[in-house]
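Single-structure report; data block below.
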Amino acid sequence: MANYSQVMLMFGFAVVAMAPALIISRMISPRKRSNPVKFLPMECGQVPSGAGRTHFMMQYYAFILMFVVFDVMAIFLYAWGATLLELEKSTILPIIAFLGIMFGAMAYALNQSKRRDIW
Amino acid sequence: MFKDLITPQTANTFIGKLGDILVKAIDQPLGYAINWGRLWSLWPVHIETACCSVEFGAASSPRYDVERFGIIEAFGSLRQCDLVVVQGTITRKMAPRLRLVYDQMPEPKYVIAMGACAITGGLYFDSYNVLPGIDGILPVDVYVPGCPPRPETLIQGCILLQEKIKNMKAR
Amino acid sequence: MTAKLPPGLQLEKEDDKIMTLNVGPQHPGSGHMRLIIKVDGDFIVSCDPDPGYVHRGEEKMAEYRNYITNIPHLERPVIHDSCNILYPYVLGVEELLGLEVPERAKYIRVIAAELNRIVYTLYWLGIYGIFLGHSTMFMWPMGDRELAIDLLEKLTGARVTHSYFVPGGIRNDAPANFEDVCIRQVNYLEKRLRTYGDIFYDNPILIARTENTGILTREDAIRLGTTGTVLRASGVDFDIRTKEPYDVYDELDVHTNVLKNGDSYDRSKTPWLDMLESCNIIRQALEKMPKSGSVRVKLKPNPKGGDDEVYKRVESGRGSLGTYIVSRSKPEPYRLKMSVGSFRNLICLPYLLKGEKLGNMPAVYWSLNYWPVEADR
Amino acid sequence: MSDTDSRKQEETETKLVVEKQDDLPKFEKEQSNKITEKFGSKTEIAFVKPDRVRVNVKKEDILEVASFIRDELHYDHAESVTGIDFPTDKEIEVVYHLGSYTDPKLGRQVLSLATRAPREDVPNPGNDSTRLPSLRDIFYSVEFHERECFEMLGVFFEGHPDNRRLLLPEDWADLPPLRKDFKIKGR
Amino acid sequence: MSVIAPKFKLSYFIKSLTDNIFWIIVLLTLIGIPIIMIVLIFVDLPVHDGELVNPFLAFTMIFHPELAVPFLKSIIYSDFFKIAAFPGFGFAALLAAATIFAERKLLAKMQLRVGPFYCGKFEGILQLMGDGLKLISKEIIIPAKADKPLFWAAPVLFVATAAAFVALIPVAPGWVVADLDLGLIAVFAVIGFFPIITVISSWSANSKYPFIGGIRALHQMVSFEIPLILSLLGVTILTGTLSLSEIVHAQENYWLIVFLPIGAIVFFISMLAELERIPFDLPEAESEIVAGWLTEFSGMMYGLVQLGSYIKLYAFAGLFVVLFLGGWQGPMVVPPFPEEIITEGIQAGPITVQIAGLPIVSQEMLNGTLWFTLKTVAVIFFILIPRGVFPRIRIDMLLSIGWNKLIALAFVNMFIAVGLIYAGILGPGGIW
């Protein structure tokens, strides 16, 4: 398990190494806080109007839902793939059945994802 | 008696002196380094105001290639830019927007007034919708005359600005 | 009337899902104007163009200047197409004052106008490339454009603002070896233009991205009064150079490029075909041009037009440019109206963008061959 | 050619080739005759030049005449809409330049359809008597041109769906700039 | 601190440098040594050769030639060095910086330009330094309505996640920060953090363009993760392992790209999409949504995001090399360490110095690093080229490519791998 902690150590090292960049930048950069316009959201030279965060839905939301399902499927295939050399040849049959079901589901989902009236 | 020595005033003076010494020690090399970085990395904001933008575009073409001087053309957001090249006439409709763009940019920022119209109003001195130069709304660093200026002239203006940045306050 | 033309620009539905985006004036994809775009997710619900950021009152200023001093500021709206934008004005003044232009001047005018069309269209092509994220297609046309600019500089003495056409001819004669240099440069330019076809117009991603987007049908193109490349990409064979030839265009063999589909791809391809055609025209004109002769007639100072009006139009890279001059026996025009192609094409932007995806906005917008400074005047 | 240069030249050098054609061009004459046949005294043919015809109508009749021009004469789009201020006549003239893409015979032709609206000395754009019927339903292409005409001269087009400001700044509170009594700086 | 920096003069510069050194020494002695004392009370000293390395010993070791090499060696083989310098952050950041510069020059050459030229006298090699100094001395603007802690944290987290990705890439045999049994799964886990950070940063900015850009980035990264994961299934099936080091070992004779070209292509395309590079740079599409999710980042924040994305580029290129191009495998080109230095010592005139602990790093490691770096640079080159060749595509085209075409191709690739094994060409008994 020590190895996994090294990934976290690397993560922590990058945080420790990069945070000073922001702090130094904050220290040596000129600051003029007197102008409230500067801190408005950037909107192409217009005075901003409306909220930045709204109920905003891309029409491709279906793909994100599909990701939730098929990501798990993909990782499950790894468990099979990593041990394929040790398994008997007949074990491919349930996997093919599993993939068949998944393909069907995926085809249906892709079909539904093109319908603009739902999303 | 020791308490008398360390009063807030004396501590303040001491720290102030220390700060002064530090400033003298590190400000000059640091300031030089910062200014050097700034002058080689002028990113112009993407705002076209009038017809001089044609020549501004030509300045980044292969023949003139302002990227040699570290100037990247067509940069996306104004938050990452530090140079406003006012490309020509400023109309009354554009002026508040230009000022807003300038205000929203992070410090330090520089302004190049490109073309006769941006300097004095130029050919449009008597038009009802044109400002007589942008001095009234922006602090201009370098004036590049011409109607429109050739790309070489714009590049020379950028070099003048680099010379100016070299001698500027670093912060 | 088809369903694509709603009365006015109302929203289909008004709720909190709709986000208003101000595209411009500080926006890498807007140019000198602002588009108020309402998006519902990835789809544009409505688009309201807001031009006028470079409105400089050219028409009002023209009423205070006489026919000669109007020339420099009337070409400023399109400085990289300054010969063509002056062309209808000069033709109109010539008709008002009753001037006959020498033959050599007419040919040189045509050459200058066609070269200028190449200069303009290459600039347009560069911007179209960078709008689609193709930065090489910005740099190559920008670099090759300098060759045509060099030719024009040799001819007129100025880099972009030429003020070359004057009532009664052209300002000065062509330099001695102009013909040789011109034919050489034009041949090279044509070779380069054909390579653009390989790297840009045949690019599978570009085709997939711009085909069938922003379709302007033939009926709509006529009804909306579009002009120039937009009109010809929609299948209407209309080019003022062939329909109402001015100067010596009737003696040259001008081929009109007409494409059928009217989508963004066709609209972006027509200017490129026009450039190739321009190379052809220049070669023909150089061949037929009288080798010597006067290039302008003398004007008396402060010429006055009669109690008359004149409407002249020419074909430029952006479409038909018309100039309407009302004269009331004074050295200054009583009213001068420039009917410019960009302003006429702007009207179809709301109709084209409605229902398009946001990613198509730059492709459709700039395929209209639109130069905001000209539209604002 | 600069002024100082030309001033040195004698007036005799000026070459004036004035060839006023006495016989009117045939095709254009036919066009104008069709309009006069249909509407009689309602319309006035101002001039018939090569490729150019100008028709003056009253503002009450303009919709009718425009529909006739579109349907019978096959002019299908407007190239420009020009407003001209005539302070001496107390009128503002609006000229529509009409062209045709569909009829190949009309490729050279531009028909000017002119009408006049009353002018007020103290304009209040949109709320005064300077009004004209909008041709937007007949020629779609006039939409932006009429908006421009509205803000530049203060002519309100009735029936236009979108009579908003187009080119001028949002805070413009002066006279409409293309009126003759609007003087620009230093002139 | 507001002093005019006047024209640069060497004498002033040297004077201020000496001033600096003086003050650094003074401050270190006055403040640093007491702090070290206090630290030493609480912290256990490292052990080297059965001895506690106290400061005295450490200084002795540095200046003693016989002790310096083992000491250096023990530092190099420590975890901290791995994380901070060689296979870890320092190496990646160096390659990333070189990539930024190379990209600008390469793009310029493709567009018949020169690119950065005058900064640093020779071909603009100091351009990046200039950009970095500019960015670090630039004001950072935090929008008033933004979610400030998240907005501050996002760039740092982005770099840190990219660094965690780098930690998994083996550079040479044994030279990897974290050699995991399930390395490939860990890679997918780390990749899964990028969309989250993107969405966090774009949401916290509270502005419209970053918001749209963030949502686009989410769609794009999430959709291309599935083809990315599935395209690597063939690698796992053929090698029978999930550890990246073992996958490299398995490619001793044949690179996997020979058997799985389709998988390599699918992985390369998904990689471009995950990296947000043209033609898939939709989250930063300039002409549509100003700079996408980077719109509100200013100054060093933008610099950090750029650094992070190029570190990510290096990591992906390294992953491609490890999985398909045989990692560090390659013919031995580094000459072996001269034996006589170990046995006889260095002869400097009359003196013969026997240095223990040489060689510091093995021949295999140097060779592996060389080949890995060469292959990675080649892959980075191929990642950079499309920027000058292709226009940007549209989000719906991107999604349909990802879901319809690439996933299908990834399954084709998987069945090719299974078929190779079951036909007996590869696997136990085959040519593997």
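Labels A, B, C, D and E are assigned to the chains in the order they are written; within every chain, residues are numbered from 1.
Everything below uses one rule, namely that contacts are C-beta pairs under 8 Å (C-beta built on N, C-alpha and C of every residue); 3 or more make two chains touch, one makes a residue touch a chain.
Remember, it's a predicted structure, so these values are computed and weren't measured experimentally.
Among the remaining chains, those touching subunit C as well as subunit D are B.
Farthest chain from subunit B, judged by C-alpha centroids: D.
Chain centres here are means of the Cα atoms, and by that rule the chain farthest away from subunit A is D.
Contact counts per chain pair peak at A-E.
In this assembly, the C-alpha centroid of subunit B lies 47 Å from the C-alpha centroid of subunit D.
Centre to centre, using the average C-alpha position, subunit D and subunit E are separated by 68 Å. Computed from the mean C-alpha positions, the centre of subunit B lies at a distance of 34 Å from the centre of subunit E. Spacing of subunit A relative to subunit C, judged by their CA centroids, is 45 angstrom. Listed for subunit E are residues 111-113, 135-141, 208-209, 212, 286, 290, 295-296, 299, 395-396, each touching two or more other chains. Contacts with at least two other chains are made by residues 168-169, 177, 182, 184, 187 of subunit D.
Across the assembly, subunit C contributes residues 19, 25-28, 42, 52, 55, 57, 60-61, 64, 130, 138-140, 143 that each touch 2 or more other chains. Listed by label, the pairs of touching chains are A-B, A-C, A-E, B-C, B-D, B-E, C-D, C-E. For subunit C in complex with subunit B, the residues that touch the partner chain are 25-28, 31-32, 52-57, 60-61, 64, 72-73, 76-80, 123, 126-127, 130, 138-140, 142-143, 145-146, 159-161, 373.
Listing the residues of subunit A that touch subunit C in their complex gives 43-46, 49-50, 54-60, 116, 119. Taken in their complex, subunit B has these residues touching subunit C: 45-51, 53-55, 57-58, 60-63, 74-76, 78, 89, 91, 93-94, 97, 101, 123-124, 126-130, 147-148, 150. For subunit B in complex with subunit D, the touching residues are 91-93, 125-129.
The residues of subunit C lying in touch with subunit D in their complex are 5, 7-9, 51-52, 55, 57, 59-61, 64, 68-69, 97-100, 166, 168, 171, 222-227, 231, 236, 238, 243-244, 296-302, 309, 311, 313, 320, 322, 324, 326, 334-335, 337, 339, 343-344, 346-347, 376-377.
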